[in-house]
Every structure is written in structure tokens, then in C-alpha cells.
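Below, subunit A partners subunit B and then partners subunit C, in two separate complexes.
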Partner chain A sequence: MFFHIVLERNMQLHPRHFGRNLRENLVSKLMKDVEGTCSGRHGFVVAITGIENVGKGLIRDGTGFVTFPVKYQCVVFRPFKGEILEAAVTMVNKMGFFAETGPVQIFVSNHLIPDDMEFQSGDMPNYTTSDGSVKIQKDSEVRLKIIGTRVDATEIFCIGTIKDDFLGVINDPTTA
Partner chain B sequence: MSRGRGEEDDDIEDEEYEDEDQFLDDEDYDKDEDVGRGRGTSSKKRRRSVFIDDVAEEDDEDDEEDDDELYGGCGKKNSKAPRVASQFFDLEAQVDSDKEEEEDEGEDDFIVETGADLPEEDAGRRMHRHSLLVREDEQEDIEALERSIHARYARSSHTEYDEETTDVEQQALLPSVRDPKLWMVKCASGRERETAACLMQKYIDKGSELQIRSVIALDHLKNYIYVEADKEAHVREAVKGLCTLFAAKIMLVPIREMTDVLSVESKAVHLSRDTWVRMKVGTYKGDLAQVVDVDNVRQRVTVKLIPRIDLQALANKLEGREVAKKKAFVPPPRFMNVDEARALNIRVERKRNSITGDYFENIGGMLFKDGFLYKTVSMKSISAQDIKTTFDELEKFRSPSNNGEGEIVGLSTLFANRKKTHFMKGDAVIVVKGDLKNLKGWVEKVEEENVHIRPEMKGLPKTLAVNDKELCKSFEPGNHVKVVSGTKEGATGMVVKVEQHVLIILSETTKEHIRVFADDVVESSEVATGVTKIGDYELHDLVLLDNNSFGVIIRVESEAFQVLQGVPERPEASLVKLREIKCKLHKKFNLQDRYRNPVSVKDVVRILEGPCKGKQGPVEHIYKGVVFVYDRHHLENAGFICVKADSCCIVGGSRSNGNRNGDSFSRFSSFKTPPRVPPSPRRFARGDPPFDSGRRHGGGRGGHDALIGTTVKIR
Partner chain C sequence: MSFATDSPVHSSSSDDFAALIDAELEVGSSGSSPDEQDNEEEEVDADSDDDDSDDEEDDSNDDLNDHRNKRCKTEKLDDLEGPQGSTSQGLIEEKLEVSLNKDTCTHPGSFGQMCILCGQRVDDESGVTFGYIHKGLRLGNDEIVRLRSTDMKNLLRHKKLYLVLDLDHTLLNSTQLNHLTAEEEYLKGQSDSMQDVSKGSLFMLEFMHMMTKLRPFVRTFLKEASEMFEMYIYTMGDRPYALEMAKLLDPKKEYFNGRVISRDDGTQKHQKGLDVVLGQDSAVVILDDTENAWTKHKDNLILMERYHFFASSCRQFGFDCRSLSQLKSDESEPDGALASILKILRQIHHIFFDELDSDLASRDVRQVLKTVRKEVLKDCKIVFSRVFPTKFQPENHLLWKMAEQLGATCSTETDSSVTHVVSMDAGTEKSRWAVKENKFLVHPRWIEAANFFWLKQPEEKFPVSQTKNQ
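Here is the complex of A and B:
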């Protein structure tokens, strides 16, 4: 789920960047550092939308670096256990399939795929029902439910299921 | 009063008791010391715990008289309490109270205070004491009697007091140096009981001539019996003449170990149908077997095994062709195929077991059904405790007819007979057997046999004690767990599916499903990185192998590496041991791709031909004209693709050459370094077919260094 929240961070700046463009430098550095990272608590930081305020800088002893506490607004994405999302399938193999929604990769194991769908290997490996009506392959869109999440330093990995009601393929690229 | 101090406890008690009598005598009766004494003696005998030697008792009666007055003085407090005596009251406990008071007496100055300090106990005890005395002439005052009973039973809830005495009792019962010793004598095998009976008979015949005290024959200890006697000579004398005992081997049992001789831990092995056991003897030694029938009377069980039959040898034997020689090797386990047997002309009889009504094939005297061998063995030749099985073994046991169908029967018994499953406080568990089946809860406390759990359901008491054989760890899909024992130890992952005792986990490291038993797993947030290094070689290193071939390490296993060979045509991953690796390759090569763009490590290239056409990714290694590209979408070989340098082309700018445009903040140490401009070779744009030009432009747009400043000709 996406959230728009205010976060705070202490940014260190080298004196070479002081001057007229101090604030711009600070903001660009912040963006460089924060966008694209993820934390366990907030999830994946997608984009910074604005700076709320920049506090007074504190010069560090010993080095000339200055620390500014910056408050900024940003859009974050965090998957939750039990959440239902749509995702696009990126890879299918006999263990299950991988789907991505935004920066998050979700794996759906074959144990959590309805039993009537079977794996078909080949040029385009896919999961198909016995009568061929429903197919899950690369680039299909599926609605899935997240049953577990794990957050690393740099990425979030989830496990999902499509074995419940109202879950499964939404849009088939071959038919559409 | 110092007298109390120096003497043994017995005597103190004795004296106190004497005091008691005297005191009471003073109160109501004539000072009749003899009576008191006599009573004292008799009551002493009664009160006396059995283990304390009665001999010393008689000595100290005379000392006490003097103190009676004093004692009576301090004891006056409760003198009013009627000394109701019922002869049915037990006198033993009185000892304790007397002892206490004795110590009080010792410090004259403090008598009053101590009396105040322990008012309840003293009072209770005094009343207690009074009531416990046997006075034949005493009339029972009913109310007082009631009160005394109340007081007595109120006080008997002092459990620590009682336990102290039992502990002390136990300690006092242990053998000391003065007690008769235990001697271990070697005996003929299987004749221990008989020997013990013989010695007993000998004693009956000879009477006290035989100076041994007792004989012990233990069921679980073969070849030895124990004889209790004071001297070894007595043992020898007793043993003389018995052919089953060997007097040459008489050993003394140390005092500390004497109690262990007689303490036996009975391990009740629950052998029931469908239990998993392992064979201890014979050709099937170590094999897993399933119990089919238990015969407790004859101590035999019928088990189901995967047969290890060499049909050829059997055929030969039955037809008398060859002499059956002792086989050095054991045939591998394989299901019995009746048709094969028939083909070899072995006689196969179809018999019907009258008890179960099943049909068995009788081949060479052995019973087979569904491919399994059914064998009846004695209980001693199987071990039922702590059986650890692997999944493969259990898989094999699924009847060959229904593959992949149904639960593996008897898993719960497998777990029931396992050693303690290391339940820890806070584990989520589920009850799998008994009335409370399917109740979920959390572990609060773990004891020897029982585990206390806090159940999930309302309306139940806060904690329930459940036998640990009936519990199993429970997990939900989505839990992050770590495997702590078994073959897959060290793996971490997320639970995908739960099937009673078996969990399916998606491993972090290999992104594959692994099946483990719930017992072997704990919940944890640790993420295993897997083994990435053995010796000097790490995952994804380019290495030179023995035979001058080279490759990239794509997987590190326990003892070896999986290496993707540097042969572009055939992507082949081979298993290579550590010692087959000569060295790591570091040299930096510079190759050119199809369009003569220099390719170096970390550049992104796209593959233009071959089976992996269309894939792209950063270059990890370059060596001898071959490029290793890593594509995370590629499923095989951990994403590594090996191609010739000229079947790929570079995509985007060269990364290894420093900053991309406008990227000054990425490295504070470097100022805006201008992109490196190599001396631009005078190159002409080759006549590329039109479809390639797009890519070239793409390459050019990315700031491809080599092109800037060159003169080009547009066709």
C-alpha cells in the first residue's frame, strides 16, 4: 500500500557545497540518498515530494562536515501481510511464479496456486487450468494476497497466494 | 543450656521429650519420673524414626530433671490449654516442637523474646504437644480436642517442614561405611535369577552360617549378580559350590553407586501399529520398518520392510543349483516384484493369512505383500526410541501402488517416540493427540514430561499441562523460520504450506521449496546468506581449472562448487571440487563486441545470437574472448550466460569509465571530472545495415567516449 508520510533524516554536507546553492545541494543529496532505498518500518521510498523544513546545521568536531536535520515528505510503498494487490507476472517456473508490483517482488509458490492449474513448460512457461480457460504467464496481471513479507536492507520480498476467492488472473495478455 | 548443644540430636529430642513429660507431670500429676520415663521410652520408640539407632536413647534421661522448672516456667504460657490426650494421636511430630523449645531454653535471657517471636508456631506446637500426649486417665474435652485438631492440621500445611524431614530421612538411609557392602559377582549368562534363588535356598538350609545379607539379580544386567555382605570372605564362602558363579570375579561396588544398582528407569516404549522402528540385527540392520502387529505375550512384532532380496541367488538356492555361500555384500533395498520372481522359476505361493484375511505371497518362506516384506521378529531386535528418519525413507515406504497419494501414515507415532522436541517458551504449538486435539496455544513452561501451554481459546484455564508427546510445533504460512536440525540445517525461509508435521519452506538462498519436519524448525528473523565461500574462492569468481578450462562459480555447495564452463556453445555447469581449482583469474582483458566497442567488466551488453538471444545484463567476467553476462531473469545457471564477445553488443554507455552525466554528487571526493576522452581514432562509420543504426545511436547517445570527436560519414 502506498503512503504519503513525513520522514526525518540527518544529512551530512561537505563544506564545498556551501554557498548560494546550499539548499539545492542538500535537497539533491537527500534525493540521491533516499529515493530507491527501503527500510523495515516504512517500506520502500518511492519519491520525495517536498521538503518540509531544514533545521540548523551542526558542525561536526574534527571534520568539517555539517549535519542538517531535514524533514521531508515522501511517498512510500509498504506491503502488508494479508493485503491484496495486483501484480504483473515477470517469471514463471515450476516452483511457482514471480510477480512484481512496483519495487516489490512477490513469489507465489505452486502450493498456493489452485490445484487445477498445472505447470506447462516450454517456450513460454505458464500455468494453465485443465480446460485451458485460464492461463498465467509472463506479463499477465494477477490479483494476489500477500501472506508473508521479509524486508532486507535494499529490497522487500513477499510471498503471496492466489488460492483464495476472487484471486487470480485479471488480464491475460494473449487474449486481450 | 549447653547440654543441648553438645549432644546428638537424638538425645536432645529425647531430653525434650522427657522435659515434656516432667512438665506435664508437674502440672497435673505427681512427679512420677518413672512413669514419664517409661512413657518417654515407649513413646520414644514410637516417635523414633526407624533409622535412628535406639541404643543411645537410654542415657540421658537423668539430665533433664533440673531444667524442668525452668522449662515449665517458660512453657507456662499455654499451660492452661487442657492437655487432652487421645491415645490415637501420633506422637512422632512432637519431636520437632520439643527441639525448638529446647533451643529457646538455651538462651535464658531471650526466652521471653523468642517466645514472642514465634508465637504462632510455639503456641500451635504447644497445643499440639499437649494433645499428642498419651494420657490414659485424661478425659477428653471435646472443644479443646477440636481446637487441637484444627491447630494441628493447620500447622501441617507447613510443607517445607515436612519435606525437610523426608529429605533428611532419605539422606540418613543411604549406606554408610558401617553398613554391609554390595559385591558384584560374575555369573553364567542367563542364569542370574536361578543363582539368586539357589543362594536363597542355601540360606534356608544353612541358616545363619551363611553370612551374606541379600542377593540381587537384575533383569537388565546380564552376567552379574549383587551380593550384600560385610566381608568379601563371606561372599566367597557363600558362593563356594555354586557352579554358575565365578568366585574369581568379585568386585566391590562403591558406596556412591550402591543406590544406582537398585534404581531402574523404566522406559515404556509404546509399540503400537504403524509405529516406525529400526532393525538392529540381521541383513536389515539399520533399515526403517513399520510395525504391523504386536504380540506382547511372546514379545514379538511383525514389521513391514523394503526387501533386500537377491532373486537370482534365491532361485539358485531353491533349485539346489549352487551352494548358498555367505554373501559379503547386502543386496540393495527394492520392492519385490512377483513377476520377476516367477520369471526366475521361483515358486510363489499365494497364501491367505487367517487372522487378517490378507493375501500374502510366500516366496522361499518369506511373506510379501504389495512389494513389502513382512517379517516377525523379537522385540529386542528393533529399536523404537528416538528414530530419526529422512523424507526419502518415508517416501519410499508409501505403497508403490499409490504414489504421491495420501498422508504418510504413522508420522505422529514417529514424533511421539522422538526425544524431547526442544520446546521453548513462546513457541506456538498445536495439540495433535487426545481430547484436546487441534487446540493451539503457546508454550509457557517446559518440564520433564509435560509442557504447560497457554491455550488460544477462551473459557479454558490459563495454563494446561499437556504431555509433550501430544504436542507439535505449529506454524502459519508466512512465518519466517530457520531450520535448526536435520539435513537442511541452516536454511532459512518463509513457510509456504503446513501439512501437520511437515512444512514446506521457500528457501531464501536457493529460492526453492524444501520440505522439513516441524520439529526441526524455529521461528526466527535471521536470513541466511548461504555459504558463499570455501577456501579462497567465492561465489561468482572466475577460476582456472585443472585442465586449463575456466569458468565462473555459480553455486557453492557443502564440499564442492558448481562451475559454469567457459564454453559459449554449450552452457554446462559441472561440479568441481576445491582441489581441482588452480587459481582465481583476475586479469583484466579488454575485448571488443560485435561493433568493436570495447567491452569491459560492468558494462551492460545485449546478446545478439545464440540460445540466449535478446537477454541483456552487466558483464561480470571477461576472459579469452568469452564474456560472462549476468541476467537476473535468466533461470539457468544462476543467471550467468557465457557468450563469445562478438555475439553481443554493448548497451548504453560504458560504466567503468567514471561518472555519468551530471552526477557530481555521487562522489564527493571527485570534482566534476570530465569524461575520459581517449585519443579519438579516425574511424569511419561502417556501412551498417539500417536496423542497426538505432542501436548505434543509442550507444552514441549514452556518451560513448570513442565516438566523440570522430569524423563520420553518413551514407
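Here is the complex of A and C:
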């Protein structure tokens, strides 16, 4: 799920960035530092949308660096247990399949794929129903339900399932 | 949901935010480790979050405080979160029951330390990691057994077996650029373009400071073997190297498809093992040039003659001869090691699927390998002369065992039934007897060559020379 929230961060700025472009330098450094990172609490920071305010800078003793407390608005993405997501399949193997939504890696084990879908090996491994009408392979898009999440410093891992009503393939790359 | 608006200076704390989300969603997502929260955000801790005296929120704040104070307790609380994970305390007893039911999950494996079946956190370090398939994937032993047996059925239906291939000296030969000798500098001008990898056989990988020569016939070999086998690469090289080589061998990703195992993925140091291969041992054939790497799976192994193209590779193995690159030659394409092994693989495949009459699932490719190997020197009776040191039990010698595995009968005494005398020296009594009796007199390398090519070699190619002091 996406959220638009305000976060705060203490930015250290080198004295060479001081001058009339100070604010711009501060913002571009903030973007570089924050966008694309994860925190367990907020999830993945997708983009900074605005600066709320920049507090008073504090000169650090001995270094000349200045610390600014910056409040910024940003869009974050965080998966939740029970959430329904749409994801693109990246890899299919006999254990199940891996899918991605943005930075989030989701694994759906073959225990959590409907029993009527069977694994087919070959150069394009896939899970197919016995009548061949539904096929999950690389680049398929699936709708799945998250049953477990874990966030570390740079990555978000999820366990998903498609063994439930209204879950499964939502497009077929072979016919698209 | 308007978090941005209701977080002015005094209540923009991170705890507040998470509490709000949890309450708002009524979803038990605190399982996703609030204990990993960002340090910087923790500085801005909450003290003024009680404006909203909604029950649910209070409780979830309690939760969060617990998380911070006692880690051991957090785990319990996480377990308590049912799938709906409503945070009101009245439901806790019910949830206990739910969690009891959930605990019956056998946790067949984990991905990013979460059970692949129920999504719970598992910190169990048992089982085998499958880092080569995906980062963070680990499977328990029971699950591996289950996957192997279902996969086996699938594979046998397609009339395929597993083939595990080594890279260096088996399918190709690589050298560091700075190890090239002056004589080999010409190769730099001859290397093939990296644009269309599928045609060339000599590649300069400048970003890895390496030069790689594919063994002649390897493209045909992979193409034909892929019809009979599901193939794995298993190398003692590191992961980036293994993937790079896989790209050269299989530019279209039709043969290996993520089944590339490097030394970083193995479970034991300096050893290769079939435990990370998702195939039953009874259906795996291994091609490798190093017997010692496979101590536990010698019966699955077809030993390859080493391919030394570069001088540095010859030196590494202590050969003092000129390398193929220095001689500006190469292994023969139609009669090289890979071509002859492909014939053997075809034969093994044929016997396994078409000649055995036992139940398909009970067949064992290791038995087939043994039988095929026994055909190589069938009807040969071998006597050794000046091959083993005196006082050495001949039955224990490597060559003796090798000859027996190849189906030959070994003997210590000459008699009329003997067909071959294997000798290092043409001057010994037995050698002279062989010449007189018109028996084959061959060098020990004749047996080694038969062992590599799985084919009886022409005897006249392995003459025995007279030693000088005789």
C-alpha cells in the first residue's frame, strides 16, 4: 500500500555546499540518500514530493559540517499481511515462483499454488492447469495475497499465496 | 487516511505513524519487525500520541511499547497476530488458539527467514540454502525429498535424466590475461566478438581480466545432451564467474535456466555435493575432471580428460609440455573428449529408458554406468609388468582397480589366456614374453585413455619403449 507521509531526517552538509544554493544542495542530497531505501517501519521510500521545513543548522565541533533537521513529504510503499497485490512473475521453478512489485520480492511456494496447477519444466518453465487454460510463466502478471512480510535495510521480502478466490493470473504474456 | 496532514511538529513520530496504519488497516503487520526500525526515526520518539483515544490505537501502541522493551515478548506477540490481526485485547485468547493451530505448520522451507507455507518468521537454520535459485531461499530436508520425488516423476515422463556439468577443464578453459605467455599474445587478436556469443569459441572478458576458450564440440554437446538431460552447471569457481561462463555457453538461456551452482552455494568447502541439486541421486550423471571433488558421489561420475588450452593451465597441473594454444592447435572436434562422452551419454540414456525392464522409478543410473563401463575392456586379460612398485599389493593399485572397473580381468601370471601385457619397459621378462607370444604390449596410459574415452583404444598408439639402462 502507498502512503504519503512526512518524515524527518538530520542531514549533514559539507561546507563546500554552503552559499546561495545551499537549499538545493540539501534537497538533492536528501533525495540521493533517501529515495530507494527501506525502513522496517515505513517500507520503501518511493519518492520525495516536497520539503516541509528545514530547521536551524547546527555546526559540528571540529569538522565544519552542519547538521540540518529536514522534514520532508514522501511517498512510501509498504506491503501488509493480508494485502492483495498485483505482481510480475520473475522466475518459475519447481519450488514455486518469484514475483516482484517494484522493490518487493514475493515468493509463492508450490504449496500455495492451486492443486490443479502443475509444474511443467522446459526452456520456459510454467505452472499450468490440466486443461491448459491458465498458465503462469515468467512475465505473467498475477494477483496474490501477502501472508508474511519482512523488511531489511534495502529489501522487502514477502510470502504470497494464490490459493484463494479471485487470485491468480490476470494477464497472459503469450496472448498479450 | 491523511497522515501527512495530521503530523505537525509535535506528533510526527514514527511510532505514531505505524500505530495509525495498523489500527486503520486492522491488519496484523507488526510481524514485519518493528524492532528493525530506523535509528534516526527513533530519535524523534513519541510522547504526544494520545490525542486519539480510540481503543484499537491504544492497544496497538501497547504492542509497540512491548516490542521496544522486550524482544522475547515481541516474538510471542507476533505469533498471536492472526491473519486478520485485529489488535483489540478481548480477542487474545481466541488468537492463542489460532496460533496453536498455526504452529502445526511444518515450515517446509523459508524465504527471507519466513516460512514459505504460513508466512511466519522462522529463525531455524536447518535445511539447505538454495542461494543459486534465489537469495534468501532455504528448504528443509523433507521438502527437498518431496520436491525430488515429484520432479523425478515429471522428468522420467519426459524421458530425461539429470546431468551435472563442471566448467573448467571440462567444458572450457580459462586463464587470467596476465598469465598469458608471450607466445599466446596472438590470441588477443583472434578472440571472437562478445556481440554474438553463440558463434565464437575464444572470448576475451576484459572486465574480468580473463580469457576463455570453449572446448571444441561443446555447442553440439550441450544441444544434444539437453534433449536427454536436465542440465546443471556446478563449478568450483565463484558466482560471477559461473554466471559469466553460463552466458557464453548458453546465450539464449535454454539449457541451464538458473541451474548454475558455484562454490558459494555448496554446503561443504572444497567439495561438490548433490545435496543442492534438486534431483534424486539415482538419476544424476556427473561430468567432471576432478574425481576428488565428488567423494560421496563417485558412482555418478564420468571422469573427463582435462582440457588444457592455455599454457598457464598446463603449468598449474604440473605439465611441462607446450599447450594447445602455443602449438596453435586444438582438440579434434569430431573425435574429442566431448564427442566420445556424448556417445556414452546416449548409450546410458538408451539403456536406462529402453533396455531395463524394471519399474522406471526403481532404475538406477549408477548401475547403468557400471555396466557400460564394464563393457569397455571386456574379454581383456591383463598382466602388469614393472608398473607397481615391488612389495605393493597389486590388487590395491589404482590401475588394477581401473582395469577391473572397465571389465578387464587382471592377473599376476602370464598364461595363454592373457591378451595384454601392460608395461613401462619393453625389456622385462613379461614384455619379451608378450612380443614372443604375439600378445599386445601396451603402456599403462592405454588403460587411462580407455577410462577417459570409455572406449578400447587402438593398442599400437601406446607402444612401450626400451629403457636406456637395460
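Rule of thumb we're sticking to: the second predicted complex is superposed on the first by the 176 of 176 C-alpha atoms of A that agree within 3 Å, B and C clash if a C-alpha of one lies under 4 Å from a C-alpha of the other, contacts with A are read in each partner's own complex, and residues count from 1 in each chain.
Following the convention adopted for this analysis, a residue touches a chain if its C-beta (ideal position, glycine included) is under 8 Å from a C-beta of that chain, and two chains touch if they have at least 3 such contacts.
Quantities reported herein were computed from a predicted structural model and do not represent experimental measurements.
Chemist: Given the superposition on subunit A, are subunit B and subunit C in a clash or a fit?
Modeler: Clash.
Chemist: First (subunit B), second (subunit C), both or neither: which does A:Ile159 touch?
Modeler: A:Ile159: touches subunit B and subunit C.
Chemist: First (subunit B), second (subunit C), both or neither: which does A:Phe18 touch?
Modeler: neither
Chemist: So, A:Asn93: does it touch subunit B (first), subunit C (second), both, or neither?
Modeler: Both subunit B and subunit C are touched by A:Asn93.
Chemist: Regarding the shared-chain residue A:Phe80, is it in contact with subunit B (first), subunit C (second), both, or neither?
Modeler: It touches subunit C, and subunit B stays clear.
Chemist: More residues of subunit A in touch with subunit C or with subunit B?
Modeler: More residues of subunit A are touched by C.
Chemist: Classify the contacts of A:Gln105 with the two partner chains as first (subunit B alone), second (subunit C alone), both, or neither.
Modeler: second
Chemist: With the two structures laid over each other on chain A, which partner does A:Phe3 touch: subunit B (first), subunit C (second), both, or neither?
Modeler: After superposition on chain A, A:Phe3 lies in contact with subunit C alone.
Chemist: Which holds for A:Ser28: it touches subunit B only (first), subunit C only (second), both, or neither?
Modeler: first
Chemist: In the superposed view, which residues of subunit A touch subunit B and also subunit C?
Modeler: Common to the two interfaces on subunit A: residues 81, 91, 93, 95, 107, 109, 111-112, 147-150, 152, 159.
Chemist: Touching subunit A in the complex: which residues of subunit B?
Modeler: So the residues of subunit B in touch with subunit A come to 477-480, 494-497, 504, 506, 508, 511-513, 527, 633, 635, 665-666, 668.
Chemist: Quick one: which bits of subunit C touch subunit A in the complex? Just the residue numbers, please.
Modeler: Interface residues on the subunit C side: 1, 3-4, 7, 12, 14, 17-18, 21, 25, 27-29, 31-38, 40-41, 43-44, 81, 83-85, 108-109, 111-121, 130, 133-134, 136-137, 139, 147, 150-151, 154-155, 158, 230, 253-254, 257-258, 278.
Chemist: Quick check: in the complex, which residue numbers of subunit A touch subunit C?
Modeler: 1, 3-10, 39-42, 71, 73, 78, 80-83, 91, 93-96, 98, 105, 107, 109, 111-112, 119, 121, 123, 125, 146-152, 155, 157-159
Chemist: Flag every residue of subunit A that touches subunit B in the complex, lowest number first.
Modeler: 14, 16, 25, 28-29, 32, 81, 90-91, 93, 95, 107, 109-112, 147-150, 152, 159, 161
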